[in-house]
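Since the structure comes first, as structure tokens, the remarks are kept for the end.
For clarity, chains are labelled A, B and C in written order, and residue numbers in each chain start from 1.
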Amino acid sequence: MAQLELKNLSVHFGGVKAVQNVSLQIEKGEFRGLIGPNGAGKTTVFNAVTGAAQPTQGEIYFEGTKLNGMRPDKIAHMGIARTFQNIRIYPKMTAAENVAIGLESYPSYNAFSAMLRLPHVVRRDKEIKRLSLEYLDRVGILEYKDHEAGALPYGLQRKLEIARAMAGNPKLLFLDEPAAGMNTQEGLEMVTFLKELHSNNTDLTIVLIEHHLEVVMQLCQTINVLNLGSLLAYGTPKEVQCNPDVIKAYLGERRKTYGE
Amino acid sequence: MDMFLQQLVTGISIGSVYALLAVGYALVFSVFNFSNFGFGPVMMLGTFSAFYAIPLLHLPLLPSILLAMVVAGLISFLMELTVYRPMRKKKTLKLYLMIAGLGINTFIPNAAIQIFGGGVHPFPSDWARATIQLNTIAVPRSDILAAVLSLVMLAALWLFLYKTRTGLGIRASSLDTDTAGLMGINVNFVAMIVFLLSGAAAGLAGCFYGMKYSVFPNMGAIASKGFVASTIGGLGSLAGAVISGLLLGFLETMIAAYGSSTYRDLIAYALLVIVLIFMPRGILGKGMQDKL
Amino acid sequence: MGYLEGIAISASINIVCICGLVILTGYIGLFSMGHASFMCIGAYAAAILTKYYSFPFIIALLIGGAIAALSSLIIGVPTLRGKMSADCFAIATLGFGEAVRIIMSNISHPYFGGARGMSGIPAYMNLGWALALAFVSIVLTLNYARSQHGKLALAIRDHQDASELIGINIFREKIKCLMYSAFFCGIGGGMMAHYYTYMVPNVFNATISNNLLTSVVLGGVSSVTGPAMGTAILTFLPEVLRFLSNWRLAIYGLVMVLIMRMRPEGLLAHKEIHQPIVQLVRFIRSRTVRSTDSGRG
């Protein structure tokens, strides 16, 4: 059984058919790419799975459990984490505190113990701090632990978001354009970083939305191509690159390179 | 039956006051996604301008109502210009915009008490106070005027929003302010129109409220009922605002007449809680979601 | 002395209430136009317990706070569900404030006394109690604010939708903050009742709610000691500036607008008063440790 399964998923906003009858399966440990021109409905697929948008039709199953209508925080606690196309870090918190939110989004001690700052609260807070630093270290931004997150450079904010997502110990990680807005150098670094992330966490399934074809081609084992809300093609990077429909869909768009 | 008709007329006239106020809130909310909590003072100042203009300038009733609308519109726009616009430019949290509005709502009425005095005055129009005999019931002229002019104002507003280019721009902005800005719609111009219009609605509502009850510096507090109506109707929905404003006026009058008047002022809030339990977005509300 | 003592007690009572509102407004980003109602509920509950049932003062205060916290669910549950906007919550609190005032004025039970209110409440409140309770409230709130509960509240204030996708239960966190704020306002109300020994429902009006909000706004968001200082200033200042007393409320409003306009995060945003002292102590300690180390070396 696939880890994540979309069955005939459609998401409509008023008259806009953002996603139309999409079915796909993703296996555990896969590195899947989700590509397509602007407005193809990629982020909407993420939103539907993570509970940010309600499916109009179709079903979403994660490890056999139906996700339709489930509250977003519950979906997250089933082991689905994500990053955001428009970065959503907490600007006034430090990098370490940002990670701590992902680490403990349901507080493990109650409000009364917190007010009295009982010994187990102190212990747990120290533990949270230690683990947060560990995750920062894993994405290589440990040195910025006490920096205000909003003041970090763009690329580091992206990494911080990934660290926060990883801190929830997910089984499935959605990355929404992690290389967006980066220059060539930063983009290449991100590719290397994601490669390492996947090889260090073999059980982790990663789904990557990316506009830059080069990034997806280097990272993903298989790719789904979306166009105008519907699935256009599926296959290995090579197959997809040669698919005439895909070329046609992308030809309409200016070919984008890093640094734009 | 006569009593019912009498109450119905009262309900419609107070309902049209609520509807106008609710539309004022909804206009601002539909474009900027925040509620202008400084709306009560706009209504109060507009009414006071008519209150002073009638005896001092010997203005007839209709021009003085028009004056109230203009003054209220300008004050509303001034608020946008000096407080809200600079804050929006800094992209502050919505919370801060609302608290600023609340500050205005504390500042202006309390300053007005010091300047105009805290007294409660009747609206200085004998014409409006007179009643007309309709069949078996006596209807104050002010009630009829309120119903008619509110209807005219709402109809004009509808024509403006749905039949003109500027109106189209406003509706586009209400769907998505950021994108509208990108598409060449001048957001500041839209803001000006929206605040002027909502202020004018408040000025009109204030005059009717003044005729029906009285003119005093804290009369702006009634605007909170308009806000309740716009929340019940669905934040940002103009049609919802009108419907629930009228509904609220009707319910309030009927319950006060046939039930107890002790809790008259709580009817609005009770209705709010009940509607929110069953329809979290109000009757015709638009959904709001962060663009992720 | 009695005069200054009176002001100090009023300031302490306000600080206790502010401690609750700091979590609601400065942390989770909701604001209330009717928290005087929770003071009212706490005041009546505590006063009835001490006057008619001879409860110990502190127990009565705590029960009053708890009842206020429970009553906050009445507005919290319908308006905080489904990620509704803060506007709904604000207007509902205004309505709740009115409702509590009107209902309290119309309860005919002799304990409550209707619009004439309660009198003959035991005068348990004194400067010692006031300062102690204010101090404890500040410490408890500082602890709460720095805990994971406080952090989650801040997260929701900044990015509500994203926070929910990260795994935060928005509704539960908001309700928790609301109950926290109502609890402390309830305690503050109880303190007030046992200080003045009489009260009428009309005391707990929108002006009090507004003054509380002004203090929080003045003191700064994500700070506990800032707003506590803010309310102390706002309690003392009118006594100093008596000649302006008629303009007091207008000035409060103007201050609120100006702060939002110039420095919306308030005077002490994201900072606590004692932080420099703590840092200084740490610095001195590190110096002395180093010097003794080098002495040994």
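A few points about this structure:
Simple rule for what comes next: a residue touches a chain if its C-beta (ideal position, glycine included) is under 8 Å from a C-beta of that chain, and two chains touch if they have at least 3 such contacts.
Quick caveat, the model's predicted, so the values are computed rather than measured.
Chain centres were defined as the mean of their Cα atoms; on that basis the chain farthest from chain C turns out to be A.
Chain closest to the overall centre, judged by the mean of its C-alpha atoms against the mean of all protein C-alpha atoms: C. Which two chains touch most often is answered by the contact tally, and the pair is B-C.
Chain A and chain B have Cα centroids lying 45 Å from one another. Computed centre separation for the pair chain B/chain C is 32 angstrom, with centres defined by C-alpha atoms. Averaging Cα coordinates per chain places chain A and chain C 39 Å apart.
Counting partners per residue, chain C has 159, 161-162, 165 as the residues that reach two or more other chains. For chain B, residues that reach two or more other chains under the stated contact definition are 289-290, 292. Across the assembly, chain A contributes residues 52, 84, 88 that each touch 2 or more other chains. Chain contact summary for the complex, chain B toward chain C: residues 29, 33-35, 37, 83, 86-87, 90, 92-100, 102-108, 110-111, 114, 224, 227-228, 231, 235, 262-263, 265-266, 268-270, 272-273, 276-277, 280-281, 288-290, 292. Looking at the complex, you find that chain C touches chain B at residues 25, 29-31, 33, 75, 78-79, 81-82, 84-88, 90-92, 94-96, 98-99, 102, 106, 157, 159-162, 165, 210, 213-214, 217, 246-247, 249-250, 252-261, 264. Note for the complex: chain A touches chain C at residues 50-52, 71-73, 76-77, 81-82, 84, 88, 90-93, 97, 100-102, 104-109, 111, 114-117, 121, 124-125, 128, 164-165, 168. Every residue of chain C that touches chain A in the complex is listed here, in rising order: 140-141, 143-144, 147-152, 154-155, 158-159, 161-170, 176, 180, 222, 270.
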